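Handing you a structure now.
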Amino acid sequence: MDWNFIIFSLVKLAIIVGVVQGLVAYSVLAERKISAWIQDRVGPNRCAPPFAKYIPVLGPLLTRWGMFQPLADGLKFMFKEDFTPAGVKKIYFFLAPAIAVIPAMLTVAVIPFGSVMGNQKMVLADLNVGILYTFGIVSMGVYGIVLAGYAANSKYPMFGGIRSSAQMISYEIAMGMSVIPVLLIVGNLNLGKIISWQADHGWLVMYAPIAFVIFMVSSFAETNRTPFDLPEAETELVGGYHTEYGSMKFALFFLAEYSNMVSSSAMMVTLFFGGWTLPFWGLDHAATSLGMGIAHILVFLVKMLFFMVVFIWVRWMFPRFRYDQLMDLGWRTFLPLALVNILITALWLWMRS
Amino acid sequence: MAITVDRKPLTFWEKLYLPAIIGGIKVTTKHAWNTLVKGKVVTMEYPEQKWTVPDHYRGAPYLVKDQEGHTKCVSCQLCEFVCPPKAIRITPPGDAGAKADRTNAEKMPAEFEINMLRCIYCGFCQEVCPEEAIFLQKDYSLVGTSRAEMIYNKEKLLSLGGVSPGIQKWKLKLDEAKAQENFPVKL
Amino acid sequence: MNVGLHHYLFVSFMLFSLGLLGVIMRRNLLVIYMSLELMLNAANLALVSFSRFNNKLDGQVLVFFIITVAAAEVAVGLALIVALYRKRQSAHVEDLTSMKL
Amino acid sequence: MEQINNLLSASNVTDVLFYVFAALTLLCAVLVVANPFSRNPVTSAMFLVLTIISMSGLFLLLHAFFLAAVQILVYAGAVMVLFLFVIMLLDLKEEQRRRIKFFGLAAGLVSVGIVVSIFVKALASVKTDAAPPTLEGETYALGKLLFTQYTLPFEIVSVLLLVAMVGVILLSKKKLE
C-alpha cells in the first residue's frame, strides 16, 4: 500500500464514477429515444442551447437527437421543490434513496473494464471473490426499495416494497445458481481470471448458454426492469415504492435503477462475453501499448452498450408479468433449470477430466 | 356467483415463451425500422407542423363583425346567461353609453370579456346568440404569461374574430323591407 | 501496537453480551430474534479469529455451517412468529405467556 | 513523504481499520439492542444490517474473504430482508415501554456477569505472542475442506435446510387440512 496505489485508485474511481453517471444519463435518453422509435414517434429532439446549431457538422446531430436532454432533466430534478409528504417516517424517507444508490454504484468496483494501461490494471479492486462480492452488493440493493416503501407510510409504496423484497430474494437464488456452471468451468471466482480463461478457450456463452439466459432474465428481475417491474408497476401501484418521492430523491431512485442496469450489463459481458477481449485483431491478450489499452476499454464499452440496448428494448417489447407468474417462473422454472444445468456441466467436466 | 372463465391450457410453444419473444422482436424491429429509416412517424413536430383543424372544430369563441365592419353583438347578455363555466362577462352600455355602430341595432356592449381560462369551448354561446355575433373558431392553443392576459376583452375578441363570412342575419328582412319600401331605418 | 487474537475476542465477547442483554431485556419477539442473530454472529467472529490465529481452516468451515443453520433457523422462526401473530395479533412476549393457543 | 508511507504501511492500516470496524460493529449492536431514540423494530433491523456489514469488514481483516462475502450475501442480503419483510407484513407498531421487572433485570445482570467471568478466564489463557498468521481464507481451500473432511456435516446441513423449507411451508399455510 503506497502513495501510487492510492492516487491511481482515486483517479480510476473518479473516472469510473464519471463514466457510469454519464452512461446513466444517456441511457435515460436512449430509453426515451428507443421507446419512441418502437412506438413510431420521434422522441426528445428539442433540447439544445442556442449556440449548438451553429457548430458546423455536429450541430444538427446535437440539436435533432436531443443530446442535451439529460442535462435539462438533471437541472429539472435539481430545481424542483423537495417535497416531504406529511406522515412519512422522515429518517428512512431521506435515507432510502441513498441506500438505493450506494449498492448500485459499488458493484462496478470489481469489474475489469480493460486490460492494462502502463502498469495499471484497469480494475478498481481485483478481488479473489469478485463474483461473490457482486452478489453480496446486489443483494443489498433491495434495502433502498423496501425502506422507501416502508417510509412512505402509504399503501402502494408498501406493496411495492413487499413485492420487491420477495422478488429479489427469489431471483437472487436463480441468479446465483446460474453462475455456478461458469465457476465450475473456469475454476476461479476472480473476474479477471474468468476473462483470461475466455480469451484462451472462447466465450463462456458457448459453454453455458442456459446459464446465460437464466442470468440475463434474473438480472432483469433484480434491476426491476420491465417484464418484472412489479415493485414500481405504474398501472397498478401508481409507481410503487417511489410514489411519494419527488425532485432529487426520486432522481436518485432513477439513478440507482440505471446504474444497476449498467453494472448488470457489465457483469453479463464479463461473465459470458469475454469482457474486454475480442477473439481477433490480437485483442485477446493484455495490452502492450497505450492504444491497445484504450481499444480494450472501447471493446468493453461497446459490448456493454449492446446489453444496455437489450435492456431498454425488452422494456418496450414485453408486457409485465403477473405476480404469481413471476414467482412461478423464478421458483419452478429457473431454479430447477439452473440445478439441472449445474449437474450437466459437472457431469461434462467429469467426463472430460 | 363468480364466473370462472375457461382458459385454454398453453401449448408447448406458448409455454416456452420463445415464439412470443421472436414475435416481439419482429414487431418492435419493424416499427423502429419504419421510424428510423423510412421516417414514418405518427406524431407531428408541433410548433413547426400544425394540425389542420376540421371544419366543425370548436375552438375558442370570438366576436365577429359584419360585412361593413360593424359590431354584431347587441349586448343581449344571453351568452353570459347560458355560459356554463361563467366565462363571459358583458358590460352593457347603459343609458349614457355609446349606441350601436350599425344602424339596425339599438346598442352594443361597452365591454365584452371572455375568460379563456374558464371557457370550456362548449359552443352554447354560439348556439344561443340571436345576432350570430359570436362563433367558436379554430384557435386551440391560447397562451399568455398571466391570468389577466388570458381574459380577452372586446377589442381583442373582435380583432381575432374577423368578419363573419357570408352570414347576414337581417338580409332577408332587409330585402323584404326594401320591397315594401317602408323600412324604418335609412341605409 | 498490533491487533491480536484478544482484540477480536473482546469484540466478539461484547457482541455476545449485547445479544444476551437484548434477549433478556427486549419484549418484541422480532427484536429478541435479532439479538439471537447477534449472539450467533459473535460466535462466528470468535471462530474466524481462532481459525486465523491458529492457521487452521476448520473454524471457518464451522462458521459456514453456522451461517447455513442460522438461515434455516430464521426462516422457521419467522414462520412461527407469523403464525403466532395470526392467532394472537401480538408479537410482544408478555402477551404470549400462556401455553395454549 | 517517508513518514506518510510508513503510516500507510499494511499493518498500520489494518490496525486502524480494525478499530474502525470494531467500533462500528459494537456501536451498531448497541443500537440494535437498546436504541434510546427509537423502539421501532425496523430501526433495530437496519442497525443489525450495519452490524453485519461491519462484521464482514472484520472478517476481511482476518483474511476470511469467502466468509465475508457469504456473511453479506446470506445475512444482510437474505436473512435481514426476511426480517424486514415480516415486520412490514405484520405492520408492527413501536414497542411499548413497559415497566422493567426487577426479576428480569436481575437475571439479565447475573447472566451477563457469568458470561463476563467466563470471558475473563478465557482471555487470560489466550497466547498473545503467537506467530504471525499466514492463513488465507481462500474459497478453493475452504471448498476442498468442506467436501473432503466435512462431507457428512455438509450433507446433514443440506437435509436440515430441506426440513426447514418443508416446515416453513407447512407453518405458513393458513389452514391445515
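A few remarks follow.
Here the chain labels run A, B, C and D in written order, and each chain numbers its own residues starting at 1.
Going forward, a contact is a pair of C-beta atoms (placed from the backbone, for glycine too) under 8 Å apart; a residue touches a chain by one contact, two chains touch by 3 or more.
Predicted model only: the values in this text are computed from it and were never measured.
Centroid distances built from C-alpha atoms place B farthest away from subunit D. More C-beta pairs touch across the C-D interface than across any other pair of chains. Remark: subunit A and subunit B have CA centroids separated by 50 Å (rounded to whole angstrom). If you average the Cα atoms of subunit A and of subunit D, the two centres end up 29 Å apart.
Subunit B and subunit D have Cα centroids lying 71 Å from one another. Chain contacts here run in a simple line, from one end chain through to the other with no loop closing.
Contact annotation for chain pairs lists A-B, A-D, C-D, with touch applied as defined. Against subunit D, the residues of subunit A that register as touching in their complex are 1-3, 6, 92, 127-129, 132-133, 135-140, 142-143, 146-147, 149-150, 158, 161-162, 165-166, 168-169, 172, 189.
Chain contact summary for the complex, subunit D toward subunit A: residues 1, 4-5, 8-10, 13, 42, 46, 49, 65-66, 68-70, 72-73, 76-78, 81-82, 84-85, 88-89, 138-139.
Subunit C contributes residues 1-11, 13-22, 24-28, 30-31, 33-35, 37-38, 41, 44-45, 48-49, 51-53, 55-58, 60-61, 63-65, 67-76, 78-83, 85-86, 91-92, 94 to its touches with subunit D in the complex. Subunit A makes touch with subunit B in their complex at residues 34, 36-42, 45, 313, 316-318. Against subunit C, in their complex, subunit D makes its touches with residues 11, 14-15, 18-19, 22, 25-26, 29-30, 32-34, 39, 41, 44-45, 48, 51-52, 55, 58-59, 61-64, 66-67, 70-71, 74-75, 78-79, 82-83, 86-87, 89-90, 92, 95-96, 98, 100, 104-105, 107-108, 111-112, 115-116, 119, 122-123, 126-128, 130, 133-135, 137, 141-142, 145-146, 149-150, 153-154, 157, 160-161, 163-165, 167-168, 171-172, 174.
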